[in-house]
Amino acid sequence: MKRCSLRDLGFKVGRFRTGKYNSITDVRGVRVGHYTQLKDIKPSDNSQEKICIRTGVTAIVPSFDNNYEKRLVAGGFVLNGIGEITGLTQVMEWGWIETPIMLSNTMSIGIVHQAVIEYMITKYPQLGRKTDVIIPIIGETDDSFLNDVRVSSLTKENVINAIHKAKSGAIPQGSIGAGTGMTTFDFSGGIGSSSRTLPKELGGFTVGVLVLSNLGHMHNLTIDGAVVGRELDGLYPMEFRRRYSYGSIIVVIATDAPLLSNQLSRLAKRAALGVGRTGSFAASTSGEIMIAFSTANKILREEQGRKKYLSINFISDAHINPLYEATIEATEEAIINGIFYSNGIKGRNGHFSPAIPLDKVQKILDKVSNNRFEKNT
Amino acid sequence: MKRCSLRDLGFKVGRFRTGKYNSITDVRGVRVGHYTQLKDIKPSDNSQEKICIRTGVTAIVPSFDNNYEKRLVAGGFVLNGIGEITGLTQVMEWGWIETPIMLSNTMSIGIVHQAVIEYMITKYPQLGRKTDVIIPIIGETDDSFLNDVRVSSLTKENVINAIHKAKSGAIPQGSIGAGTGMTTFDFSGGIGSSSRTLPKELGGFTVGVLVLSNLGHMHNLTIDGAVVGRELDGLYPMEFRRRYSYGSIIVVIATDAPLLSNQLSRLAKRAALGVGRTGSFAASTSGEIMIAFSTANKILREEQGRKKYLSINFISDAHINPLYEATIEATEEAIINGIFYSNGIKGRNGHFSPAIPLDKVQKILDKVSNNRFEKNT
Amino acid sequence: MKRCSLRDLGFKVGRFRTGKYNSITDVRGVRVGHYTQLKDIKPSDNSQEKICIRTGVTAIVPSFDNNYEKRLVAGGFVLNGIGEITGLTQVMEWGWIETPIMLSNTMSIGIVHQAVIEYMITKYPQLGRKTDVIIPIIGETDDSFLNDVRVSSLTKENVINAIHKAKSGAIPQGSIGAGTGMTTFDFSGGIGSSSRTLPKELGGFTVGVLVLSNLGHMHNLTIDGAVVGRELDGLYPMEFRRRYSYGSIIVVIATDAPLLSNQLSRLAKRAALGVGRTGSFAASTSGEIMIAFSTANKILREEQGRKKYLSINFISDAHINPLYEATIEATEEAIINGIFYSNGIKGRNGHFSPAIPLDKVQKILDKVSNNRFEKNT
Amino acid sequence: MKRCSLRDLGFKVGRFRTGKYNSITDVRGVRVGHYTQLKDIKPSDNSQEKICIRTGVTAIVPSFDNNYEKRLVAGGFVLNGIGEITGLTQVMEWGWIETPIMLSNTMSIGIVHQAVIEYMITKYPQLGRKTDVIIPIIGETDDSFLNDVRVSSLTKENVINAIHKAKSGAIPQGSIGAGTGMTTFDFSGGIGSSSRTLPKELGGFTVGVLVLSNLGHMHNLTIDGAVVGRELDGLYPMEFRRRYSYGSIIVVIATDAPLLSNQLSRLAKRAALGVGRTGSFAASTSGEIMIAFSTANKILREEQGRKKYLSINFISDAHINPLYEATIEATEEAIINGIFYSNGIKGRNGHFSPAIPLDKVQKILDKVSNNRFEKNT
């Protein structure tokens, strides 16, 4: 069965419509780029085990503008802190972002950090001389089950390449980019995306979510409320599952709704509920961390210094609830899409993350789902 | 159809077994007492509208011990802060509780506060003279849809009565005690409870949850993953639903597992995922606040002063995940039980919260639930 | 020597000028009212110890407007959480206040809570029927060293009286209102206030601070950097000092600068540095809690529902630092003023908090202060 | 005048005694290593401005043990979040550290990150294969006023060198290691340290503090309560001062007192009060971030998995206050020492951070300090 999205299978999550591509790129200006690294290296010292590289990097470029000069209002939330988005402390204190948001594996934060700085100082000649230094925003999860993280395989060029390749429209998902070596509910798949566009009378805004997901036990996998994983669990022997290193998800939320920083942090909190609905219990060793930004609210660097007063528009809290629902729905569906699109992947030390069997999932959902999606509408 | 629990209907949530009473009282020592106030008052000034009192108070007494002298380790979490548990700042800073945990409506916090202090100073003659003052722990949600909150109807005696009546074993649920005037997913019902007992090999601990629930839109109500509310939504006219005042849940989590304060705060965070699984999106006007305590870890007031060093046992984080899952399951089921047990209630100004139609729910679940519970096992 | 402020003694704190009254009331619209309760009661049961009531309540009314309809943007910070401001969870989540801010002793929160609700429902007939319920904002510290807190002595009328008496201009400080029975650095005094008005070129804004202070050991008391307390410490026998119950300060910060909620929370954090400069180490048993509001940013209840979008002005972060400095200076000076204005007070069980000896303080400061204030300029 | 510490000048901060070296290394097992990079590079493209490298890295190795296997209990606090300690999210969630703590400039986090990982995987062959990956802990402040941060000058070898050079005993301070290009209160100096050893009857514990300091305006510099900066301010022309890029301090606190993670986080909060006492107002653009660890409480990786229950000793909160005071005192003195030890430094673009004039400081302190230190005792 060809890999596809949950909707291609005839099911959906929640009640709101998706954007055109059912992807974070449905928020105008947001672009996504991947660099994927899949290679086996014969070790130089003739040791018997070959080195398996199963990793990559994903870049989310938040707007068509010069973000360093036109900062976007942003917020965040830490559901479980056994993980990291570098720079999040600053995002939550100041309430804006000024760089791309990067995703990669835990041990590659250093090289991604360097690459983002190189990318930024090349692009902005005043950076660090006449204007402020930057703190890159890099989310990580741990692909060491499949990837040999002891080998520092990514280069600065790889990372900058991912930024440069970022584009709008449909985006590749599954075992790709930063998601290459990730495992979700014991299946392969890491990068997933989904979006919701609210009806006009609720504001017409779009919320797009992209996840780097690496969490969960198979028996808990829940799709649209159906504990699909419980029925699949017996099909896969336990001895091939990872034991201790599972865990973590990074959720990136973009919206064109004008929001304040603390409203975006509240939005980010709702993404946690979407994570929970897929069957995650936020395991003790897991990092569930969310970052959210609005493309509608820009803070101009130049004005911040020159002007004593700034002004900002935002949605009245009395009208914000549909954005919360949309965020939860898109987060849940993004995680599922990330698994659905992956073909399965073999990695180091004989480890293996299988592709989720879509035909079996379909049968289970056919039986129990009450959220059947009419494909032809 | 007689009111009953979700399990009585043949369905369950999650994978772990309940405790004996499927209630927070399954944690040994934890007792619950209610005081319910249901009355219509003819207004003295001959105005036409009668005054409807639909409110009450619920007390959770955390142990058989003298809690003021033998404090229990505790923690908490605020998912959404438009509400309050008084004293939670102190619980989270110090990491223990020393009083009963009280629940009531938003505008009655004052009288409950006074009553708890009266109860405590009567019981502990040294309190406030030779030993420290206390800060009562009172969680609230807003019953103003059904209850006339402008009338200060509860007395200190009512509150103390709830504490004195607290008992072990099966506890009344639904529209009772603090839950009397509450509305959950547009149905009546506020107080619900559930528990989980882990298998011996996972530690054998019990987690019990009691909720005071007052949140949600009918169309989002999700039971064991099935969006039951979507199918019920058309049966109830929109004009009778509340509009702005909905929102809030207080979750009280008890466990006999030995945990540190920060571990209990992490447990409390997981309860938020259970709330999310019922269909809540943590509405902007809602207060989703959790408090958790362990009956296995006591801090003796007398030792705190006399000894320079204390010692505490706790579950290694590598073995804590089953407690997380148990908390999520029990929270989700407690909310559902709170609705299931309620008979519907009429309140002020013609407002009405109907009982959930159990027969219709059963039919929907029969069709879609994949978590059928064998009643006779 | 007549009681007076630090400035009357010829010394000042920091570099900015005070407002007209060197008081929180220098922020236009902010008014302060006290109710003080000082009485000795012969116990009915003929026990030998008389009951000493040394307590009260202080109300800060934040603007001339109807605050329930025109909410003021607000924020807060908890330096140390062994204490409470009720309602602070909501203030920090939503970012506004809609009631007076009340201060009293720990055990009187209940009666103050009831009184504020009675005051509000009398004033706003729609409250709780057509519009939302409220959560009162009440800060507390513990006066049990001098006051018999087991006797519930304050009435709702006393509390409402404090609100009604609130006025602009110079305000009484020291052992008055909520500060009546408080002890600061082992001296009497609880309510203190100070303000700063920035020069025109820095915006011309005013920051006013009022503290309810009840913390500190005498030997740490620091005034304008001079550890005055070390030299005074030997003059007062240790056996009369309190031992365990010391601790806590509530800091209320008002400003007419237009700020966002998160900016006000950041302002509130700076107040903590002002507390630290007086010699406090934020003792383990202490609650150091701050709340800040802006009279320049109002959010209209009616607009929140009717309008989909709101707009807000705020000071660019690049220009906010003088407000931080002003907050620190005013907080430090407010604490000192609270001690300076008090005449000393005897309380229950022979306890005694002496007035700080101003003549001795002056001699010490004359020797070491480098911040001499020219009285006649 | 030869550079020296505040105590060498005859003054002290606070009331407790220092450890043997008045340094963080007074906590047994804690070692510090620096790598300093000072060079001028003629640019290859013949542009006229030479490139000035004024930077470095500092390593704090927390114990003699294998920290990866014997984790140390830790906590942290963010006073102001415009900066970063990578890994702090995890430290605060889990409550331990397992790597050295590194300090460097903002733009070098990437290379330090890579180097720490290389150092760790070399040392621990199972890391990332059989046991967990790590998240390095790297604190940063911004030296771009003096250092050309656009040039990525540090190498992995430099960083690992700093770790390997780490040693006990007296440590070099001032413009060295990560502090090389830092500016504090408009004077040169970045790395400073101080310690306190409590008297036996208060537990006899040692608290050591090391700061990487880069904050403050000269006119606010306060030493032992005397606003020394106000008198020095006129001596240095304003045009040479930095304007926008100032800000940030990282405070590392070590203690041999047995504390829980949340107790260490509370200790870290007190360090903020020490920062405030030097005249910092925690500027809007500043990152004031603290991390604290205890060498007395180890959590063994092997036991965490093998044992279901762990046990931990900790100081009763009733006896913790002297540690709070000690932390504040040592933080304040560490910042001052960092300035005192530096000889002044010239950097890029003609920028210059002068050495503080110790003779003038001494004269000012002689006049106003009431905390004279007898050198010969």
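Remarks
Labels A, B, C and D are assigned to the chains in the order they are written; within every chain, residues are numbered from 1.
Here, a contact is a pair of C-beta atoms (placed from the backbone, for glycine too) under 8 Å apart; a residue touches a chain by one contact, two chains touch by 3 or more.
It should be emphasised that the depicted structure is a prediction, and the values quoted were computed from it without experimental measurement.
Between the interfaces C-D and A-D, more contacting C-beta pairs are found at A-D. More than half of the contact pairs at B-C come back, by residue number, in A-D, the repeat among A-D, A-C or B-D.
Centre to centre, using the average C-alpha position, chain B and chain D are separated by 45 Å.
With each centre defined as the average position of its C-alpha atoms, the distance from chain C to chain D rounds to 34 Å. Rounded to whole angstrom, the centroid-to-centroid distance between chain A and chain D, based on C-alpha atoms, equals 34 Å.
In chain C, the residues that reach two or more other chains under the touch definition are 80, 93-94, 244, 266, 285, 305, 317-318.
In the complex of the two chains, the chain B residues touching chain A come out as 15, 79-80, 219-220, 222, 224-227, 230-231, 244, 266, 269-270, 272-277, 280-285, 317-318, 320-321, 324-325, 328, 364, 367-371. Looking at the complex, you find that chain A touches chain D at residues 78, 80-90, 92-94, 106-107, 109-115, 117-118, 121, 127-129, 132-136, 140, 142, 144, 148-150, 152, 244-245, 285, 287, 289, 305, 349. Within the complex, the chain C residues that touch chain A are 93-95, 203, 258, 260-262, 266, 303-305, 307-319.
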